[in-house]
Structures are given as C-alpha cells and as structure tokens.
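Presented sequentially are two complexes of chain A, the first with chain B as partner and the second with chain C.
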Partner chain A sequence: MELFNFSKKESRLYMAFMHVTFISLLIGGLMGLLQTLVRSGKYTLPFNIDYYTILTTHGVILGLVLTTFFIVGFQFSLMGKTVGISDKQLMWGWISFWVMLVGTVLSAWMILTGEASVLYTFYTPLRAHPIFYIGLTFVIVGSWIAAFTNFRQLYVWKNAHKGEKSPLLAFMVVINMIMWFVATLGVAYSVIVLILPWSLGYVATVNVLLTRTLFWYFGHPLVYFWLLPAYMAWYAIIPKIIGGKLFSDPLARLAFILLLMFSIPVGFHHQLTEPGIDPTWKFIQVVLTFMVVIPSLMTAFSLFATFEITGRRKGYTSLFGWFKKLPWKDVRFLAPFVGMVAFIPGGAGGIINASHQVNSLVHNTIWITGHFHLTVATTVILTFFGIAYWLIPHLTGRRLTPTLNKLGIIQTFIWAIGMTIMSTSMHIQGLIGGPRRSAFSEYAGGDQVSTWISYQMWQAVGGTILFVGILLMFYIFIQLAFFAPRGYEEYPIAEEEVDAEKSPKILENWYVWVGITIALILFAYTIPMIDIIKHSPPGSIPFDWPIGRS
Partner chain B sequence: MHLHKYEKVWIVFGLASLVLFLLIIGFAAFWKGTHPQSHIETIDPQNVEANESFQPDNLGLTEVADGKYVVNIVASAFNYDLGKEEDGTATKTIRVPKGSTVLFQVTSKDVVHGFQVAGTNVNMMVEPGHISRFESVMKNNGEFTVVCNEYCGIGHHLMFGTVEVY
Partner chain C sequence: MSKKISSTNQPKEEANLKGTLIMVMIIGIVILVMWFGAYGLFLSR
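Take a look at the complex of A and B:
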C-alpha cells in the first residue's frame, strides 16, 4: 500500500466513530463489572440503582452502540481506502454519525433515568418511554444513511472502472450493509409501526408475538453484522499483517454471499420454545440456520491455508514449523488470532443452541450469555481491538510503538484469561439451569441454587479481570489517539497473488444474490407470519409498573 | 472457480456431517415427535379464567390418571400462581412421585415470562395470549427450582417456585 494517510477531513469522520466506540466500551464494561459483582451476592448497588437499569445499559451500549459505531466507522474507512469518498459522501457520513449519536443520547437518557429498563430486546408488553423507541429509530436510520452512502461509493467507483471487479473489501462492506438494511427493516417496522404508536397511547394493544418475531428477524442477522467486519479483517487484512497474500478472492466473495443468504431466514431458532409458532416452520429455519456451517468452514480453511502458505514461503518446511513462526509478538495478529480460537467453542455452542430439541435445555439460561460472550465479546471484539491497533494511529498520524504493542499483547492475555473464567462458569451454570438476565436471588434456597451462586462468584472474578482489560484497552486507545509519537502506521490490505485466477463475473451480480436472499426470506417467513397474524390472540395492553415506571 | 483439493475434502466432510446432524434432529422431530413446545392455542390475557384450566380452583397440581398429573399455572409479574393449599395459603411447592408424567400448562396475565423447571427439560416461553404446554416424565428425585427465565420487570428474580420429586 502507498505511504499515505487519509486526508484530515476524512480521518476526522472515521475517528468520530472510534471515539464513540471506546467511550461505549468504558461505560458498557463498567456496567458489566457491576452486574457480575451484584450476581456474586456480595455487593449491592449504591444510590438505589436498579440491577436491570445497568443490565439494559450494558446490552444496549455494547450490543447496539459500540458495535454499530465501530462497524460503520471501520467500513467507511475501508470504502475510503479502496474506492474513495467524495465530499458529498463525506457529508452524508457525518449526517449518519450525528443521527446515530442523537439517537444514542436519547435512548441513553431514558435508560439511565429508569424509564426504559426493558433490556436491549425491549420485548412488549413491557413499555418503555416513547423517547427510548424514538432514539432506537434514529440509530437505525443513521446506519441506513451510512449503508446507502457505502452503496453509492461502490456505484460511483464501478462507473469509473468499467469492467473491473470491485475491490474485495468494498464488496464485503456492501454485502454487510445489504444484510443490515434488509434485516433492520423488520425491527424498524416493529418499532415505528407497532410499538411507538402503542407506547404513545394512540393504539390500545400490541401483538406480542409479532413484535418478538420481527425482533428476531433482525436479531440473528445482527450477530452476523458484528461478525462480518471481523471476517473482513481475517480474510483481507490479517494476510498482509503476517506478510502473505490473499488466499482466494472468489472464495472470500462466495463465503460472504452465503453469509448474506443464510443470515436472515433463521430468526426462529431464537424462538424455539415459543408457544405460538408451528414447529415445522421452526424446524425449517433450524435447517437454514445450519447452512452457515458451509461459509464458516470455508473461512476456517482459508485462514489456516494463508497461515501455512505464508510460513512455508518464508522457509519453514516442517509439519508445524510455519505455525511457530507466525508473528505472535505482533498484537495486530495476536488479538484477532485469539478471537479466532474463541470462535471454535463459540461456534460449537451456537450449533447446540440452534438445535431444534437440545435448545430447550439451554434456552434463556446463562449458558446463552456465556455463548455470546465467546462469540461477540471475544471473537468479534478482540478482532476489533486488533483493527484498532493500526486503524487509530493510521487515522491520527501516529505510530503503534513497541511499548503500546506490548501493552496490547498483555491486554489480549488478560481478556483471554478473564473470559475463559467468566464464560466457562456461565456455560456450566446454564447447563444446570441457572437463568440469565436475573439479579442475585437465592430463590427458594436448596443445593441447586447454592451451586449456581458458587459459579456466579467465578463470574465476578472473570468479570473483574475483564474490566482491568477494558481499562487497559481504553488507555491504549487514548495513547494512540492523542499521545503516541507522530509517524506513519500502515493500513494493511492484502493483495492477490500475481497469478491469481479471475473471479467469475456472477459473484458481482447483485440482482442474483439479493434476489435469492429475498426469496429465502419469503420462503421461511411468509406462511408462519400469516399464521401468527391470523391466529393472533387479543392484543396486549402496555405494562409500565413492572419496570418501575409510574 | 478453482477449489483446492484439500479444501474440497474439508467441505465435503463438513457437508456430510451437516447432513448427518440434520437427519438426526429431523428424525427426532418428525419420527419421534420431539418438538419444542408449540401448541398455537390462544387465550385472552385479560380474562384467563375464561379457560377452564386457569380458573382459580383448577390451578396447581391435579392427578388425572394413575401416575399422570397436570399442573396449571398462571404467571404474572412477579409470581407463579400454583393454586392454594388446604389451609388457604398460596402453594409454593408442587410434589409428585418419582416416575410420574407431568403436563405443565402455563399462561401469562400480563407480560412475557419464561417458565423453567431447572435441571429438567421443562423450559418454555410464556406469553400473554398463548398457552404454553410441556409434558415431562420426572425421572429423578430431588428439589427442582422453578425460575422465571425471561426478564419480566424489576422483581423478575423473585419469581420462583419448587417442584419436589419424591
């Protein structure tokens, strides 16, 4: 890559998203720490703060705010690097940032004043303050502005480069944003059309099952929206960091297309124990869910193939010699690599969760919490940290110094240790029935409950270690943003082999892939949705008092 | 598009295990009839008593045949109504002999709840407007904690009961 940074005005936009990301990390992480402490039974929150207020804050700020801001900012930078950004597109980038930020502030205001302790899933008929829903709408609409700006960026580039294939990373960003747009249509409809008028009192009742189904139509692609930017780094950035080349451009594109197709028509696997959905349709969506195994295995193969090819080219010929010689002391590689390792138990747990029958053993137990702290809170976040180590200094015109690199390595170890302790104890406690999303409780007492509490102690230990990791990461961010020495930090983008074969044109035929995606969604959802609406019970009136609103 | 030989082996292996896996859960679902709970039976959440199972007198444990029981439960924030004891106090513990078949029928009067008899397969969402049902054979002795496992408000963690298998 050429030795140049972004223009100042470009960097400023991308950095704005990063600032929100890391402030969110600090706040959300603190909430997480408090939760594990409360659940240990040894600590109560000061000032009458309610457990479920901090639980809602934790989920919303880390699951929705941190992720979306990082992803939109990172993807803008990828587009800027690969296809460029015009002044007008830059302005739209800023509009998307401010719309998302205003939405975040509105929702945060309601959550922190106890008017929206409904958790990040905001299941009806618990009713939060209308401003909470308006805030969420702003966040979604802001991300749509970013999505359409990204589409426009690639479109303009394609017009100027007739007959050329689009840059791989730009292609991946567009796939992720198409998925995000199609998925958020569901939750946007639910919030704007069903919930908001009901929360304002214009409509007396709401169809609970319909809002839940629309939420999970969005809720599963949401996790792929987090994962795909990590995959972008694994496929197209890590190879450059370890001194190698892209494994295969067409295979990477195919994996992303498969992820687009099989990320959305699968939401029922979050609703397997739901009373109002036909089990046959649940099963059909379970089958569609498992199709994700194919692109996942393709990804695993191409990652390790890249590692081995690169190592062998450097002359390490023994069976595993190439593995030993990977750049373990480079945090830009180490952090995402630890993330990849966490994805092995994380993915296996996902297969268990999505299984038609076994799900009832773990549904809504803290096993699930343990699961997504491996996937999103380790695999995804460590990859995001791995990106931040070079992206932030690249944007601020500074360098990742050897000292900061070393601190990053320590951070990665702290994270791995803390999460191993916390996630493992969550998995075990969940298997023996401990519920998720619950404040400390001794219930009716007995052996079962005291075993749960002993695992909750371990979660507090792990949570405390993780919070130390968050403080360290925040320190590294501040250093990279404001204090590290001036210099040039590479924006690593892997290149193709000189003799790489051409990518088939069909891979860039958006009509085909978006068409198949929509067809799969219509297949998986049309009939059950008609059933849900046709067999709907009398609607539900709103409930304010259970969440402490008067 | 070229696929490396090893990658083909890897993908074929992956696909084969996927097919085997889906056949197993499909067999369990459609031949053995092991589905997660889904009865698609609706009820008016503001008038659950209109359904015979959820009239106050019918709540709690009833033996319907030798070794077969039904437990009717109305969930509301933040309580599971398991009926009343003979002295009129609210039932907190359901007692069934080991080996009995128990059908749990639950509905909600207000918000969404999650009904789980921890340590068993009885785990289902309870939603206003729907009746949740799950039948299970109680094979092991012991006290099993009934928890609400879906957030229902600030007293969510205080919503519980006990199933005792003797």
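Take a look at the complex of A and C:
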C-alpha cells in the first residue's frame, strides 16, 4: 500500500481544522457545564445571560462546528495520506476552511449576542437574526467545497491507477461526503429558500412542518456524518494500533455502502409525534431506519473478530484470553475502545427511540439528551480524541510521550465516569417524564417534578467531571501541538492480510450505490412531501419574543 | 488408488472466532433486554 508523506503546507491545513476543533471543545464544554449547573437549581447565570443562549451555543458549537471541523480536517488528512493532494486541491482545502470559519464566526456572533437562541435545530416559527442563517449556509457551503475536493482527489488517483481498487480509507471518506452532500441539500434548501427570506421579512409566513421535515431529512444523516469517521478509525486504523491486520476490506466497504443507503430516507423517526405526516410513511421510514442495524452489527462483528484474531496470533488460545492481549495502556486504543463500549447501550437506545410506540415513552424527554451524549459525546468524541493523540503529533512533528499517553488514559477514565453519571441520570429522568431543552423549573410544585430534581443534581456532578476532562484534553492538545518533544509519530493505517480475498468490483460502482440511495430517498419522501406542501395549515408568522428578541 | 491433493487447493484454515460470536450475541441480548424493558414500561402506562 502506497502512502504519501505530508508536506509542511499540507500539515498546516489539517492542523488549522484541529485548532478550531479544540477551541470549540473548550467553549462548548463550558456552556455544557453551565447548563447542568443551572438545571441543578443551585446556580443562576450572571449578567442576565439567558439559559437558551448557552444551550444554543453548546449545541451549535459542539454538534455542528467541532464535529464538522474535525471530520473535514481528519478526512483531508486521510485523503492526503492515501491518495495524495495537489497544490490546487490544497488551495481548495484552504478555501473550504475559511468559508466554514467565516460562517462559524457569523453564527457565533448572533448566538452570543442573544439574537439566535433557537437551539441547534433552529425550528421555525422561532426566528433568529438573518445573519445566523447566513452563517450556517457558509458552514455548509464550505463543507461542500471540501467534499468536492475529496471527490476530485480520488478521481485523480483512480485515473493514475487504472484497474486498481481505491484505498479503503479514501473510499470511506467519499461515501461519507456523498452522504453529507445529499443530506445537506435538504437543509440548504430549507435555510436559503424558506427560512432566510422569511427571517428578512420578504415573505410573511413559513411552512413550519416543511422546514422541520427538511431539517430531519438532514438531521439523521448528520448523526452518521459524525459516526462514519469513527468507523473509519475502528475498521482501518485500530487494527494497526493493536498489531493486527484489516479483518475484511469488502465487508468494511459493504457496511459503508449500507450506511449511505439507509441513513438518509429515515428522518421521520425523529418526527413520530409530528401531526401532519401520514402514519404509513412514518412506518415505512421506521422500517428503513431498522435496516441500519445490519451494518452496525457487521461493524461490531468485524471489530471483535479483529481483536480475537490478533490476540490468538499472539498465542492466546482460551475463549476470551485474547482480550487480555489488547494494548490497554495505549491511549490510541483505549479511548476509542471505551467509545465502542458506549455504543452498545447508545445503539440499543437508538432502536428504542426509532420504534414508533416506544418513542412516545421517551419523545422530547431528557432520555434523548442522555442518548446522544452516549453516541456522539462518548462514542464519537472519544474516538476523535483517540485519533488526535497520534494525528496532532504526526502533523506537528512531535511525539506522544509516555507522560502524555498516561494523561490521555486518565482523561479517558474521567470522561467515562463523568458521562456514566450524567447520561444514566438523564436516561432515568427521561423515563419518569423529565423534559429536554428546558431550564430549571419546579413547574409550580407538581409531585412528579420533585422526583426529577435529584437526577438533575447528578447531571451537574457528571457535567462537572466532564468539564475537568475537557480541560485536561485541551491541555494535552496544546502540548501535542506546541510543546511535546520533536520526533516522529506514526500515522497508523492497517494493511490487508497477504492472502485476503479480492474485493468485488461492484463495491466501487458509484452509479449503482448512489442510484439506489437516490431511489430510496425519492421513495421515502416524494409522496409525504407532496402531502406536506399541499395540505399543510396556513404558514406561521415569525415569533421573536419567546427567545428574547423584540 | 489414493488421490493426490495439491497443496494449493488446500482450504484456508478458518480463524477461531468463537469469542467474537459470543460477544456479538451478548450485544444482541443487551439490545433485546433494553428494548423489551422500555416496551414493558410503555405497556404498563
């Protein structure tokens, strides 16, 4: 397998994305801490800062900014390593970075000045300042530039390597970016065509159901946009770190193709209580959602198989003896492994959320918040941290020293403990009816409400522990970026077995997989969309006062 | 007459993946227990 060395110019681009990522972690994490403290009922925000301002900052900065910057930067590095990058493509990489950054600054400015406390879902008819929506559009357009640069990178490589299969990681990046592009078309249409003119006052009303539906057409694949880079590391990087080989190249490719096909036509499972959508189409999208279980379990099987085969080759013969041989003292493995473990209850919770009847048990409760703090804020983020421990020093020409490795292990434990406390108490409080998206309230002293308070205290405890973890991670990042000793840190990419089976050519037939994806989307959305447009109630005028805008 | 088996035609030795099978089963059980737990709660309310 041919791997490219990074030039200094390249490393600078990938590091630019990492700087924004870790600054976002610090700001967003602080907002999360403040939220849990407010919800404990023992703390009030100073300077008249509104709870929903910090809630929006937390969601947008961590859910949209941190993730997108890390993913685009990491994926650029994967492409640069496996298929190379030209000077012109590098320039487009910088353009994408700056467009995304300008968008982030514009949106952040509006959120922090209290002009856009509409949460990261920006549901209408709450109306934020138009600049907030313009900023979001810039972030999306910037990520599209990155996507098309990635497509071009693989295209150029394929032309120079006729008949060869594409490198697995480059294939995975392209799948993720195709999914991202197709998904963001929905939210871009919603923001540019429906919300922005309404926010500017050019149109009087907006179709609320249509904007919410277009948001969730994007919102669910967004979850997979976060998850697939973690899967990339699990499939193709972790095996190298543990001293093993790729379990199966075709299995990994097939799992990614299935995730592309079944992550988009499923947005209705976020809208199961939404009036105005035909229940038949909700049912169809729930069925499509459950298809995602297949590639998820394929991934679990593949990971355990990699661990077991590697351990057995090292001489362990008992049923679970191979487990002991895993490199538990290497944070590059430990952090993603804890993330994988969190994905077991996280994924199981996701199946509960997506089931039509059981969803009514947890819908709009803080169970949902607990769920995505397990999936994105543990599984995905611990894997991203696991990547950062080798990626940052590789880019800066430094080393992950034994001391920093040890600090990373402590960080992983802090995260696991903090999140177990916070997420578990969120799940339980949700099951007894505690709402999500709400500041502290005793709701005029209702009996049921009194059962929630102790869980909110536990969330503050967990949130505080997590913030300590964020401070430690930020310290490790600064060390790896600027102060760790000079040296070489490996960019670990697993190789195939010498006698690995050939990958079927059909797996790289983009026309087939993108075609099926589009067909599934048209099947799942065309009729309900016509319904929503034709039979919606009158549109809504904007509402400014509920979010403190007058 | 004894048959000669060419070494290149020998089937590859299958990896022992018993541990993997059990681990994946455990994940399946966790999913089922959580789902039916939530469903039971749904029915009881």
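Following the convention adopted for this analysis, the second predicted complex is superposed on the first by the 544 of 550 C-alpha atoms of A that agree within 3 Å, B and C clash if a C-alpha of one lies under 4 Å from a C-alpha of the other, contacts with A are read in each partner's own complex, and residues count from 1 in each chain.
We adopt the following convention: a contact is a pair of C-beta atoms (placed from the backbone, for glycine too) under 8 Å apart; a residue touches a chain by one contact, two chains touch by 3 or more.
Treat the numbers as computed from the prediction; the structure is a model and nothing was measured.
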Considering only the touch criterion stated at the top, classify A:347 as touching first (chain B), second (chain C), both, or neither.
second
Could you say whether A:464 touches chain B, chain C, both of them, or neither, answering first, second, both or neither?
neither
Under the stated touch criterion, which partner chain does A:546 make contact with: chain B (first), chain C (second), both, or neither?
first
Contact breadth on chain A, by residue count: chain C or chain B:
B
Of the two partner chains, chain B (first) and chain C (second), which one does A:312 touch, if any: first, second, both, or neither?
second
A:297 in the overlay: touching chain B, chain C, both, or neither? Say first, second, both or neither.
both
First (chain B), second (chain C), both or neither: which does A:424 touch?
neither
For A:360, select first, second, both or neither according to whether it touches chain B, chain C, the two together, or no partner.
both
By the touch definition at the top of the document, which applies to A:208: first (chain B), second (chain C), both, or neither?
first
Just chain B (first), just chain C (second), both, or neither: which does A:251 touch?
first
On chain A, which stretch or stretches are contacted by chain B in one complex as well as by chain C in the other?
297, 301, 305, 351, 355, 357, 360-361
Spell out the residues on chain A that touch chain C in their complex, using ranges where they run on.
297, 300-301, 304-305, 307-309, 312, 319-320, 322-323, 344-345, 347-349, 351-352, 355, 357-358, 360-362, 431, 499
Seen from chain B, its contact residues with chain A in the complex are 1-4, 6-7, 10-11, 14-15, 18, 21-22, 25-26, 28-30, 34-46, 77-78, 92-93, 110-112, 114, 116, 118-119, 121, 123-133, 142-145, 147-158, 160-162
If you look only at chain C, which of its residues touch chain A in the complex?
12, 15-20, 22-24, 27-28, 30-31, 34-35, 38-39, 41-42, 45
In the complex, go through chain A and note every residue touching chain B.
50-52, 55, 117, 119, 123-126, 208-209, 212, 248, 250-251, 254, 271-279, 282-283, 286-287, 290, 293-294, 297-298, 301-302, 305, 351, 355-357, 359-361, 363-365, 432-441, 443-444, 446-449, 501, 503-504, 531, 535-541, 543, 545-548
